[in-house]
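Structures are listed in the sections that come next.
Same chain, two partners: chain A is paired with chain B first, then with chain C.
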Partner chain A sequence: MTMVESEYIILTTGFFIRLAVPALYPQITSILDKSVLFSTPISSFRSLQEGIFLLTSDIDPYNGEVVHFPPLLLVLFSQLTHLNAVFAAFDTLIGFLLVQINKNTKYSTKFSSGVVATFYAFNPLAILSTLSKSTTVINNLTLILFFHFTLQNKFRASIVTLAISTYLTYYNWYFAVPLMFSIYQSTRSQQAVVRSLILYIASISALLYSSYILTNNSLRFLYLNYASIVLFKKIVPNIGLWWYFFTEIFDFFSSFYLSVFNIYSFIFVVPLATRFRNDLLFASWILVGFVNFAKAYPTVTDLNLFYSMLIIFKVYYKKLKFSPFLSYLGVILILTLLPVFYYVWMSLNSGNANFFYAIGLVLSILQTIIVSDFLWSKIQTEYFESKNINIDTIVKLTQI
Partner chain B sequence: MALLETIQRKITKYGLLPKLVRFLPKVSTLLTLLGLIWILILPLDGQFRTTYISENALMPSQAYSFFRESEWNFVRGYRDQIIEHIDDPMDERHEMLSSWMKTIGYKTFEYRSANDSRTTYGIYHVPKGDDTEAMVIVAPWTTSDGEKNIGGLALTMGLIRYFHRLSIWSKNIIVVFPEDGQDTLRKWVDAYHTTLDETGGSMESAIVIEYSSESDELDYVEVKYVGVNGQLPNLDLVNCAVMISEHEGFKVSLHNTPKGQLWANDYPSRLTTLLKGLFSMATAGLLPETGGGNGCEAFSGWNVQTLTFKARGTEGRDITTLGRVIEACFRAVNNLLEKFHQSFFFYLLLTPNHFVSIGNYLPAAVLTASSFVISSLSAFLTNNNVNNKHINFNDAAIKVDTLPLMNGLLLFTTVTVGSIIFGTLLMWFSSIVSFADNNNLYTKLTWGLILATTTVSTLPVVLRYKSQPSAAISQTVRVANGCSLFYLAFALVSLLVLHFSLSLLISLAAFPLTFIRYGPLRQNRKNSIWLILSSPFLWLAIVGVARKMEFQLDIVRNLIQYFSVPLLRHELQTKIFDTDWLNPAFLQNLLQGPVEIFYGLLTGYRRFQTWTWMVISFAWLPVWIMSLIITCIDVQIGDFEKRKVN
Partner chain C sequence: MRELLLPVLLLCALCRASVHYPFEELLELRPLERNNLLASFDFKINSTEFELYEPEDKTFHYSTFSKLLGPILQETNTRELHLRFSQGWYDPEVYGELPYKGKHSGGTGVELWAVLEGQNEDTVFKDWIKLANSLSGLFCASLNFIDSSSTTYPATVFQPAAPMLEQGLSLKNDLFLLRSALPREPVCTENLTPFLKLLPTKGKAGISSLLTGHKVFNSQWSSMSIDVTTHCSGTKCHYEMEQSINLILDVPMTLERNRMPIPKPTPGSELKCDPTKPFDAFHCFPLDDISELEFSLADLFGKKIQGGALLASQPTKICADLDLESWSMEVQTDSQIVPKIEQEKTCFVIENTNGHDVLFRAKDTKKVKSLKSPPILASRSLSGYSQDSGGFRIDVKNPTDEDLDIIIFESIPWFVRIYLHTLTLNINSTVTHIVSDPQFDQYVKGIIYNPAIDRQKPSHLELLVGIPAHTKIKLSLEFDKAMLLYAEYPPDANHGFEIEPAVISVLDRNSHNVVYEMRTTTALLTIPTPDFSMPYNVIILTSTVMSLAFGSIFNLLTKQTVTEEEAESRVKESRITRLRSRIKERVQRIKSLFRRS
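== the complex of A and B ==
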């Protein structure tokens, strides 16, 4: 059995695991969907079902405050059956694209396709994300597809994918910045960048216009899909950093903090793309990690994309302070503690919000550590390469 | 940072790192010791606090109570009737109470659980209230000791008659008469929150009354408060109960403290109460089929603050005094404007008036759990392979090849999943095989498991075979060992906040697992001792037998604190020499102890949502089995020799 075959076998096994578990144990989706780790009002399967129900019973889903999905997605899901298979297929496709990206990178050291496939197919985070059936899985799929196309310099495809991705999730327009940089890197023409930008905006406009027509000439979906994320309309506990602030502060501060938080989530996009313009895949990946803790409604499904892509960057493992094994262990530990603290707060009433938020903070700190560790490792590796020094040479570089 | 950098440079310069790595097992032991010492420090002066009422609205004992002589006549009247009808069939007894409640003006209903055990309950929809909240008073027909709750029932009837005349209530009053204070009551509480049509709003508090004597008087009260899964009622309610009781002149006993020790407030007495509290929290909800449940377990998990008042002694203060205590508790809860939230939900009581809050005691379990983290790290860093003993550590050896890594993980996963399936199967078994009809089967099962685990623990002594020296084997064993220890640490840490006492006791009981070393079989002999000591089933046997022996920590404490030869002789005489050890009935009873607890463990989740068995069979047992397997493997070479062999 050659290596090429084995990765497909592994991914297929992963697909069947993702198919078999909900078939044997159908309650798993509702259990995960009710847990704070996998569900937010923006992305949960529950509200998706509600939206589909409203749509099929001829009630305008965008009339209330329940549905936060773009109209096209809702229409798509109202036509789909066998959702178990659909989500399993989506997630397996993510695994497949991960393998492809890993193959196509120009890094000197990388894992074999079989290892990457195994890592994704049996990754508990990925499996649980699929089972939770949150729409974030689709967001992850579009993002990784976008990375895949960009890496292969298929820019038109990647622009359209990113437009779809942006249409699905507000934050994804951030990735337009590294995309434009990589278009400029490969074509060296400013015209191409402008043309790409126009294509990007045109695709988004087309999507938005068709949604506008679809929702009976109403713009309310814009408010529900995007404004409610930017303005953080639903203050519900999640694993992120926002909710606690907005429950604690006085109302007259909230517009100030809203702008600060939104600016903060964007603030590193341009610097990252500029600094790492020769490795924009890495910059985008770091951006995924950064947006994960700076965004308003993060879930474990969001984290999954970041931690799955970690395997692509084996070349930077050498200079890490904490090995990926350790950080993965830490993340899983914290992710187990989060529901415990949520339970202590919500069900036992013997803890309070501070318990849960504190663990959420630890998760965010862990994530910042991992992100900055990789950044520093990348910079060191670049330095060694630029000076033609063997990477194993013991040279102590100091951060300034 | 400069200091840290200097230290780091020195460490590298003098090559301290390998030495530090070799020191890790000692660090692990030290952490557990520190955890123990931490517990021992808590009862020292200055480490604990005096209790106080932190919710201002409660205002306990601020009103003059009229539950006195005139009401006493009613209590006596009810009691005479109850004594007369105590042996009637279940339905007639309940009908009698039901008709009494109706006469007073309570809406009464009956609830039958699946096993046909009956609960009669009445609701007083108070005129002033908004019908959304309720206070519950419970008098089971049988007390936790298995006696008839004659005084408790009579007092409850008298009280609810009196309550109905007062116009102060703003929360509904629910009175519950279950057949017993465990399964029947639990089923009623579950039904109340799920299926019952006739309800009186969310329960703010529940007070259970146990008074089995026919006497008119009692000596002191025992307050029970421990719920399952480490849940406790809000400290404010306990404080109220203690404060009111002392205000009325009762001494309060916690965790079965005998009368002679109620006045003691010194280090040994505080430590005794603390340890008894820890133990009763860890073993809460492991009830035999009948007897033992005091009502707190039944309300656990539904956010009802529950206390049990158990009357002790038959002379002293009259029964209406206890009535006044309960009335004042009800008035205090009635005063509440919000849910109980001010005071602590996690605490350890040292005396009725002194407590340690979670911030002060939690580090003990953190230390003991982190001892497992350190020992798992130590296992990964090759300390547990005895072949490495005299070789200096160097980080080249940390690397594990892919195949041994996979094999080790697979081995560990198989054992864990197997143990989880085993635990779940036993739980399922207990749900289909009734205890009463198959006592013999359960006895065989329990003692079979206890003997089997003890026997297989001696395998490292008995086994004699020799394997080929192979780096793959030593790496596989290392991965399995490290992973299993980390898994236990992980489980204990997650359990910390939810159930401190269980986490602490399991980490102490499983601590010998960190001493497990592997290597050539003839060097593995000592592991048998550690395996036996850390076996969950051995502890099951010890706890079960101790419960049947009616072991009291207070006696040990007395012996140590006031040591004198006559005292020791007396205790030995009564406990050991006077006992007819060879009496078959006595032995039979003694052997039943572990069986009852095992049954309680297996059925705990089904009956009371107690997780104890899940924690044991999902976390402790797999790690124990893993350690057993490791010690049975003949590991011929160390982690630094593989280059030579391959």
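== the complex of A and C ==
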């Protein structure tokens, strides 16, 4: 059996696991969908179902404030049946693209395709994310497809993918910056960048315009899809930093802090792209991690993309302060504590919001540590490479 | 001066005897099971005629119609006004169907709906807010809290009662029906006083003299209603106002409270225990309710009727619906009055200013006229135990032999995010259909759904349901609860939020008119609360984590990477280090100078 075959077999096994679990235990979707880890009002499966129901029974889904999905996605899903298979296929595709990206990177050390496939196919975070059927899975798929195309220098495809991705989720336009840098890196022409930018804006405009026509010339979907995120309109507990802050902040300061938080989530987009313009995959990956930390409605499905892509960057494991195994364990530990504290607050009433908030804060700190650890490791590795020193020589580095 | 006064007074006395105003009042009493008594006070008032638009004569003669209410209605272009104040729980299994088939009964708290005339929704809504604010001042109720987040535009229920256009009057603008309810409002004596002020008798004469706050609100259930409708013929219009108060009184409890204002436990010697069950000094199963009763209106209301309303077009009438085999009624006044039997009811009228009291004697209070059972029995409850989500469950039973069409009206606040696709119908606890099933439409024939908008609009749901005879249906709906902002929580946030009662109307199958109307109880919903002592801690901790992340990543991205040795040597070369070492040298030199000396 060759290596190529084994990774396909593993991914197929993963696909069947994702099919078998909801077939044997159908309640799992609603359980996960109601869990604070996997669902937010923006991306939950029950909102999607509500949207599909309203659409099929001729009630305008964008009249109320339950549906936060772009119109085209709703129309697509209203045509789809066998959603278990659809989501399983989407997730398996993510696994497949992860294997492809791993193959195509120029890193000196990397895991074999089989290992990457195994890592994704049997990753509990990935499996649970799929079973929760949140639309974040589709967001992850478009993002990883975008990374895949960019890495292969198929820029037109990657621009269109990114446009679709931006159409689905507000934050994804941040990735246009590293994309433009990669286009410049490979073509060395400013014209190409301008042309790509025009293509990107045109694709988004086409999508938005078709949605505008689809919703009977109403712009309300713009408010529901994007402004609700930027203005943080749905205050519901999640694993991020925003919700408790904006619940507790006095109304007077609310708009000021909204702008601060939004600028904060964008602040490292350009610096990361300029600093790592030789390795924009890495810059994008760090950006995924930072946006997960700074975005308004993060879920574990968002984290899943970051922690799954971690396997690609084996080359940087050597210089890490904390081994990826350790940080993965830490994340899993926090992710098991989060629902416990949520349950203690919401159902048992024996704890209050502070318990859940505190654990969420620890998760955020952990994410920061992992991101900066990888950054430092990358910077050290770059230093060794630039000085042509063997990576294993003991040289203590510092920054001034 | 004195010589003049006497003829004027005489003249007035004459006119009082001869002129009658469009006002009628009626008190009906009806003993119910378990020693309860239903007292229905009903007042009907008509205004004088006026022109709806641009009256030539700007002066308006109110006569018996309240001068407090008239200008408010004219100012806000209100064509129909319905106001309800209710409290307590109406148990249809004990009390039978609602008085007046539920036409005058509201849900717990305050309910207001009105038909307003206006050019568009915006101007009408402004008038509506003005109306609510004016009524708020008039009735000492928190109606000023009515805003767009609690206002709905009912589509099939609460439809205008008076046919405005019957006489060919062409309206200049459109009519809009708006409704709102405040389920949390405690109804109390400060709402009763303005209610009585609207009457021409002002609570000083006629049956309204029985109504005092501390007696009315001691009842098991009470509902006050005001309905104003505009009736036009040609270009002339007049208002018709019907005010009613319905009370369910627990007679033995009221008598007990008269005897002993501060309740004390019954002493052991007076306890009547059930002899068929074991009883001793420590155990006692009290006997059933008292079956012999003697009480008067003064016992129940604390006062006698202070004479009749002499300005009324019809004399004040008091009726009692009694089972005459075991009940008797005696009018106590200066002159002899023998009650007459009218349509199986025992009635008498008051035509003078003397005090009247009515004494009821019952040999066996269990023998009452059989109750009319309501055509529909319904209740609503909350399901789920978590603070972040839950569900509504509405149980409706059709005990009659006919198939019924009902409308379930719900107005749910925006922080309850309902999912209509979870609407499930269960028939007789056996068959279950979800909303997307084709069989679902056999029972639920129509759904009107206006989803909520945060802080602006409530969810508005009207379901037209057909219930076969002797069938029980269960409708359930799931929802999520949103968190509010810090300042939006009321002072006692953990008490929960009242969800206004669902309104269930039974329709006539042919004419589609509402033939019976009832309301469920309010639902108390707890929503997730933050820790209210935390704002500064949260702001500080969150900001710390964010700046920590920013600082470390910013440093990593901007600083130059060097080896530690290089860093040390660079530090040595730096200006500050050189400056410091120079200062150190100087200090050393000065020190050594001192040592030498």
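Criterion: the second predicted complex is superposed on the first by the 399 of 400 C-alpha atoms of A that agree within 3 Å, B and C clash if a C-alpha of one lies under 4 Å from a C-alpha of the other, contacts with A are read in each partner's own complex, and residues count from 1 in each chain.
The criterion applied here is as follows: a contact is a pair of C-beta atoms (placed from the backbone, for glycine too) under 8 Å apart; a residue touches a chain by one contact, two chains touch by 3 or more.
Treat the numbers as computed from the prediction; the structure is a model and nothing was measured.
K.L.:
For the overlay on chain A, clash or fit between chain B and chain C?
P.N.:
clash
K.L.:
Now for A:337: first (chain B), second (chain C), both, or neither, which partner does it touch?
P.N.:
first
K.L.:
Mind telling me which of the two, chain B or chain C, contacts the most residues of chain A?
P.N.:
After superposition, C is the partner touching more of chain A.
K.L.:
Just chain B (first), just chain C (second), both, or neither: which does A:349 touch?
P.N.:
A:349 sits against chain B and chain C alike.
K.L.:
After the superposition on A, what does A:188 contact: first (chain B), second (chain C), both or neither?
P.N.:
neither
K.L.:
Who does A:54 touch here: chain B (first), chain C (second), both, or neither?
P.N.:
second
K.L.:
Go through the superposed model and pick first if A:275 touches only chain B, second if only chain C, both, or neither.
P.N.:
Only chain C is touched by A:275; chain B is not.
K.L.:
One more residue to check, A:245. First (chain B), second (chain C), both or neither?
P.N.:
A:245: touches chain C, not chain B.
K.L.:
What part of chain A is shared between its chain B contacts and its chain C contacts?
P.N.:
Residues 349, which sit in both footprints.
K.L.:
Please name which positions on chain A make contact with chain B in the complex.
P.N.:
My answer: residues 329, 333, 336-337, 340-341, 343-344, 348-351, 355.
K.L.:
Quick one: in the complex, what on chain C touches chain A?
P.N.:
Interface residues on the chain C side: 385-389, 414, 417-422, 435-436, 447, 449-454, 459, 480, 482-487, 528-531, 534-535, 538-539, 541-542, 545-546, 548-550, 552-564, 567, 570-571.
K.L.:
In their complex, what parts of chain B are in touch with chain A?
P.N.:
For this pair, the touching residues of chain B are 231-232, 301, 303, 339, 341, 345-346, 486, 490, 493-494, 497-498.
K.L.:
Can you list the chain A residues touching chain C in their complex?
P.N.:
34, 36, 41, 46-47, 49-50, 52-54, 56-57, 59, 63-66, 233-237, 241, 243-251, 254, 264, 267-268, 271-272, 275, 290, 293-294, 345-347, 349, 352-354, 357, 361, 364-365, 368, 371-372, 375-376, 379-380, 382-383, 395-400
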